[in-house]
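Below, subunit A partners subunit B and then partners subunit C, in two separate complexes.
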Partner chain A sequence: MVPMSMIQDGAPPLTAAERFHDFLQRLVPYALVIPGLVFVLGVLGYAVAGGVVLSLNETDMFLNQTFVGLKNYIDIFKDPRFQSSLWKTIVFVVSSITLGIALSMMFALTLYHVGFGRRFFRGLSLVPYFVSGIATAVMFRFIFTTSGGFVNYVLGGLGLPTPSWLGDPVLAFIVAVLANCWFMVPFATLILLGGLQTIDRDIYDAATIDGASGAQTFRRITLPLIKPMMGVSLIWVSYISFSTFDIILALTAGGPLRATELVSVYMYQIAFLQLDFGQGSVLMVVLLTFNTVLSLVYLKIFVFGDRRYKAAR
Partner chain B sequence: MTIISRTEPQPSAGVVEFIGSLRFRAGRFVLIGIPLVILVIWTTVPIVWAVLASLKEPLEIYQSNTLLPSNPSLDAYREVLSMPGFRGWLWNSVLVTVVATIVPLTISILAAYGFARYAFRFRHLLLLLYLVPRIIPRVSLIVPLNNLMTDLGLVNTYWVLFITYTASAIPLATWILVGFFGSIPKEIEESATIDGANMWNRLRRVMIPIAWPGVVTAGVLCIREAWNEFAFVLALVNETGMRTLPYQLYMLKDSMGVQDYAVYNAFTVLTVLPLLIVYLLLERRVVDSIVSGAVK
Partner chain C sequence: MDNTFVEFRDLRKSYGALEVLHGINLAIGKHAFVVLVGPSGCGKSTLLRMIAGLEAITAGTISIDGRVVNRIHAKDRGIAMVFQSYALYPHMTVRENLSFSLEMAKTPKDVMVARIERAAGILHLDPLLDRFPAQLSGGQRQRVAMGRALVREPALFLFDEPLSNLDAKLRVEMRAEIKALHQRLQSTTIYVTHDQVEAMTMADLVVVMNDGRIEQSGRPLELYDHPATLFVAEFLGSPAMNLLRGTVVSRSPEKAVDVGGGILLPLPEDASVTAGQDVVYGMRPEHLAIGKPGQGIGAKVSLVEPAGWETHLHAEGGGHIFRVISTKRLDVVPGDPVSLVPDAGRVHLFDAASGLRI
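Now for the complex of A and B:
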C-alpha cells in the first residue's frame, strides 16, 4: 500500500542524504560569491570603516589612540590650508569634468562619423587609458618644459611667448587639468561612442526630413538618447578627478606655491609626512563623501531618471 | 560660334548635384577632419614626445629649437636596463601583475557565475557590496590600510600588494563578468546539464568559452590596474628593492640630475610599453567590450 502522504505530495519523502544534498545545493551560490566578498569587505570595507574610526581618534607617535569625537573635523575645517585645497579641488573637478566631457563628446562624435579607418582610430583613442598616472605626469612635464618642451617649441615657432608653464601657479593648474583629462577622456569617449551607436539611424533621417538642423538634432535627439551613457561617463570623470593623486604628485607635487595642492595630495602630506592619521582620515571621509554624493546625483539624474528606465519598471 | 553658345546653357542637374556634394564633402571634411586631427595629436603627442626625447642626446633635450633627435641613439635605454635595480623593479611589477590578475579573475568568475545564474537570499545586497567599492577613490584608503598592514606586519612584502590589488580588482572584474554571463541564454547551459555536465564542467566548457571576450576584457583591465597602480604601493612599500616600475618612475624625479632627461624618458617609455603591447594584442575585444557598454 502507498501511504496517503506520499500520494498527496506527489513525491517520495526525502531521505536524510537527499535533504543534505539539497541543503548543499542551496549553499552553492553563497560559496561562489563569498571569496570575493571576503576581499572586498576585508580590505576595502575595513579601510573605510577603519578610516572613519581613525578620524574620530587622536593617534600619537606610539600609535596609541584616544577618542576625541569630532575634534579632528573641527580642526581641519578651520585649517586655511585645507579650505584652500578644498576650493582648488572643486575648481579642478569642475574644470576637468567640463573639458573632459566636451572633449569626450567631440571625439565620440568624430569616431562615430569618421568614414575610414574607424577601427584604427577607435583603438588609438583608448591608448592613454593604459598609460599610468605617473607616466602621464612625466610625459606632460616634458611637453610643458620651458626650454625643450613641445608646447613651447610650437609657440616659439609661431612667434608667441613661451611661458614657464609649471612655474606659474595658474598655468601649472591648467597643465594639471589637461594631464588629468588626457588620462580620463579615452574611456569616457568610448562609453559615449557606445551610446551613439545604439541610436537608430532612422531617427536621424526622420529629423533631417523634418528640417532639423545639426545642432537641434544633437540637442533634442542625440543627448536625450545617450543620457545613461552620459551618466556613466560623468561618474567616471568625476571619480578620476576627485581621486587624482599620482598625476599631481608626479607633475607638480602640489606646487608651485601649493597651487595644485588638492585634497588628495594634502591628505597624503598630512598622513604620511606629518604623520597625523586622525586629520588625514578626516580628509579621506571628505573625499569619500563628495565622490559618493556626486555619483548618486548622476545616477539619479541620468540613469534612474531616464525615461526608458522608468518605463522598464 | 553658335555651336558653342548652344553647348553653354544652364548647368545641368548633375553639375548642381556634384557641386552640392562637394560642398557637403567639404563641410564634412571640416567637421570630421579637424576633430580627427585634434584627436590624433592629443592622443599621440605626449607619447611620441617622450620617445623622441629618449632618443636625443642629453643636452639636445634642452634646446628648444629641435624637434627630431639629430643623432638618435639608444644609449638612454641601455642605461636604464643597466640600472642596478631595474630588473628587480621589473620583476616586482610583473609578479604583482600576474598574481593580481589570475587571482581576482578566478574569484570574479566564480562570483559572477553565482550572481548571474542563482536566485538566493541577499543576492541584491551582496551584488551591491561588490559594486559600491567602484566609486571609492583608491587614494582615500591608504591611511587606514597602512595602519592595518603595519599591524599585520605585511608592509614591505609582496603579500600586501597581492591582497590590496586583488581586492580592488575584484569589483570591476565581477561587474563585467556578471553582464557577460547573464547575457548567455539559460537554455544552452540546460542542455549541457541534460548531457550530464556538473557545475564545474558547465562553467569550464560552456560559460567561460562563450563569455571569453568578457574574460579577456576583465583580464586586461586587471592587468592595467595592477601594472599602473601607484597609491597603494606608495603607502604600503618603502624599501627600494620592493618598488614597482611606476613607483620607481616617480622616485626618479628626485634621484636624477637634469642631464639625465633622456634616461628619464626612456624609463617612462619602458614602463608604458609592456602594457601597451598587451593592449594592442587584445585591442579589438577590449574596445568592443567598452563600446558595447559591458564595462562601466
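Now for the complex of A and C:
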C-alpha cells in the first residue's frame, strides 16, 4: 500500500539530472567552508608539526638540524629554571582563572541587569580587550610605579605604606595577574553575558515565586544554564593565561628575580635570546599540551559530558 | 458572610510618569475562577504580576485572604503562577521541576514525595517524571507547569496566558483540563488571557480590561447579554457584534434608528431614547435572522463560511457589512440577495458619545 503522502497528483518523478542538481545544491555550504578550514588547519598544522620536528632536533645558528630524539625534552625537564617557571605558570594560571572568571561573572551579571545605557556600557566593557598587551603593560607600569604611580599616590595620600609593586617578587606577580585579568576579562564577560541572555526571564520569575534566594537562583538556575558558556570562557582565560607573553615582557620582563618568568617568557629567552630552537620548541609543545588537555577537560565537563545540557537542548 | 478572598483597592501602577493601571477596584470571592481579559497592553498581565509579587505596586493595596500583601515577598503570598512560556527549568527533570519550590521551602522529604505523587497523579505526569522539559510536547509541558504550581498547594492560582503557545485543538483540551482541575481543587484562580472564548468558557467572573481600567466585570453570559460599554460589546463574541452608528428618528407609532443607506432599524419598546439622539445600534450575529424577501434589511451575500454546526454569513446592505450566524445550512452563494431581520428584543443600544449602554 502506497502511503498517501507518496501519491503525487500527476507530478512526474524527479529526473536523474534534477536529483543531481539537488545534490550539488546541498554540497554548496560544504564547498564554501572547506577552503577556509583547509587553510586554518594547514597553517596551524604546519606550525605545530614544525615545532615538534624542531623539538626533536638540535638546530645550530646556520639552521642545520641534527636529530637528537628526546634529548631536548630530558634536558628541559631536568632544568631547574624550567621547573620553577612551570610552577609559576601553574600558580599564575590558577590565580588568573579564579580571579578572571569571578570578575567576568560579576561584570556579566551586572551588565545583564543594566537597563539605562545598556549598549553603551556593554560596548565600553570591551575596550580593555582592544588595547594591545604591550599598551596594557605600559599602563599598569604607570599605575604601579613605586614613585609617582597612581596606586602609591592614593596609598600615600591615605597615609598607608607605599610598596615597591614591581620590585617585590610577590607583588610583581600579583600585578602581572591583575594586568592579565584586565586584558582577558572583557571577552570572557562577553561570552558569559551571551549565555545569560539565552535564559528566559520568566524562569527567574518562576524561581522567585518558588522561593529561591538570589544565591540559590544563581547556583541552581543561572550556573547550570550557562555551563557551556562557562566552559568556553574557561578555555579562553586558560589559553590566554598560559600563553601570555607580551604583557609580562613589557611589565616585568620576567623579573624581579625571575618571579614572573612564566614558561612563555622562558621560551622566548631560550629560543630567541639563547637561540636554542630545540629546547624552545619543547616549551612550545609543553604549552600546547597543557592548553589542549585543559580545553578537552573543560569541553568534557561543561559541554559534551553534560547530560542536563544535552537534555535542555 | 463576606466571601472576599482577593481584593484590589484603588490599585495603580506607573512606570516613571506613565500610569498603566488607573485605580483598579475589585473583590474576588473564595474558590472563584476569575478571568482577566482584554487586548494586548490593557494592563492585565501587569496586574497579575503585581498580585504575584513580581511587580511593585505604585499605589493602592492588594489583599489576599484578608492580608495586605504589598510588601510581602512573592514566595510568602501563598500563590503559584503558570507562565505563558511555561518557564520550566530546562536543566531539571520533571520531578526536579516539581520539587524545586518544596526544596526551597525546606519541606520534609516525605511530604515532598507525597505532594509530587499527588500532583503527578492529578495531571497524569507519572510516566514523564524523569524526562527533561525539552523531551515533552507542548501540552505535557503545560501540565508540568501546572503541576509545579499544584505542589505548592497555593491558596491562589495565577495563570498568565497559559494556552497561547498551544495549537487550536490542544488549547481546547487544556482549557477543559484547567477548568476540571479548578472544579476538583476549588482553589481561587485568576487567569489572564486575550482570548475572549477562553474568558467566556472558563470563568465564573469575567473582568474585561481596557487601557488600564476595568470596563466591566460579571458572569460571562451577563456580560455577553448586557455589555455595559461599546468596548465590551465589541470585544466579547465571535464573530463580533454588528455595531452601526445612527440617529434615533420618530416613526409613528414607535421610534427607530436611521443608520444611513435607507436602513431603519426597529427599537425595543422600552428603549429610553429621544428623537435626534446619536446612538450605536448593536446586534449579535445570531440575532439577525434570514427573513422572507422584502422583509427586514435588504442585503447581498458577500461571504459564506460553513462551519458545520452553523453557517457564518457576511452580507452587504446600505453601505454596511452585516455578520450573521445561522444554525441552519443555508443554500446561498456570494451575490445572492438576502433579507436580514433583527430581533428587536435583543438589540443593544449605546450612546454614541460616551459608549455607555442605554
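Worth a mention:
We take it that the second predicted complex is superposed on the first by the 263 of 313 C-alpha atoms of A that agree within 3 Å, B and C clash if a C-alpha of one lies under 4 Å from a C-alpha of the other, contacts with A are read in each partner's own complex, and residues count from 1 in each chain.
By definition in this document, a contact is a pair of C-beta atoms (placed from the backbone, for glycine too) under 8 Å apart; a residue touches a chain by one contact, two chains touch by 3 or more.
Because the structure is a prediction, the values reported are computed rather than measured.
Residue contacts after overlaying the shared chain place A:Tyr239 against subunit B, while subunit C stays out of touching range. When both complexes are overlaid on chain A, the residue A:Ala212 reaches subunit C alone and has no touch with subunit B.
By the document's definition of touching, neither partner reaches A:Arg81: not subunit B, not subunit C. Contact with subunit B, but none with subunit C, is seen for A:Gly156 once the two complexes are overlaid on the shared chain.
Of the two partners, subunit B and subunit C, it is B that touches more residues of subunit A. Once chain A of one complex is fitted onto chain A of the other, the partner contacts of A:Phe39 are limited to subunit B, with no touch recorded for subunit C.
In the superposition on chain A, contact of A:Asn291 is made with subunit B only, not with subunit C. In the superposed model, A:Ile203 lies in contact with subunit C only, and not with subunit B. Contacts from subunit A toward subunit C in the complex involve residues 200, 202-203, 205-212, 216, 220-221, 224-225, 308-309, 311-313. By the touch criterion given at the top, residues 26, 28-33, 35-37, 39-51, 53-54, 63, 103, 106-107, 109-111, 113-115, 119, 121-136, 138-140, 142-143, 147-150, 152-153, 156, 162, 182, 186-187, 190-191, 193-195, 197-198, 229, 232, 235, 239, 242-243, 245-246, 249-250, 264, 267-268, 271-272, 277, 280-281, 283-284, 287-288, 291-292, 295 of subunit A touch subunit B in their complex.
Of all residues in subunit B, those touching subunit A in their complex are 28, 31-32, 35-36, 38-40, 42-47, 49-50, 53, 61-67, 104, 107-108, 110-111, 113-115, 117-118, 120, 123, 126, 129-130, 133, 135-148, 163-164, 166-168, 170-171, 174, 199, 224, 227-228, 230-231, 235, 246-247, 249-250, 253, 261, 264-265, 268, 271-272, 275-276, 279-280, 283-284, 286-287, 290-293, 296.
Within the complex formed with subunit A, the residues of subunit C that make contact are 49, 52-54, 74-75, 79-81, 83-92, 100-101, 104-105, 132-135, 148, 152.
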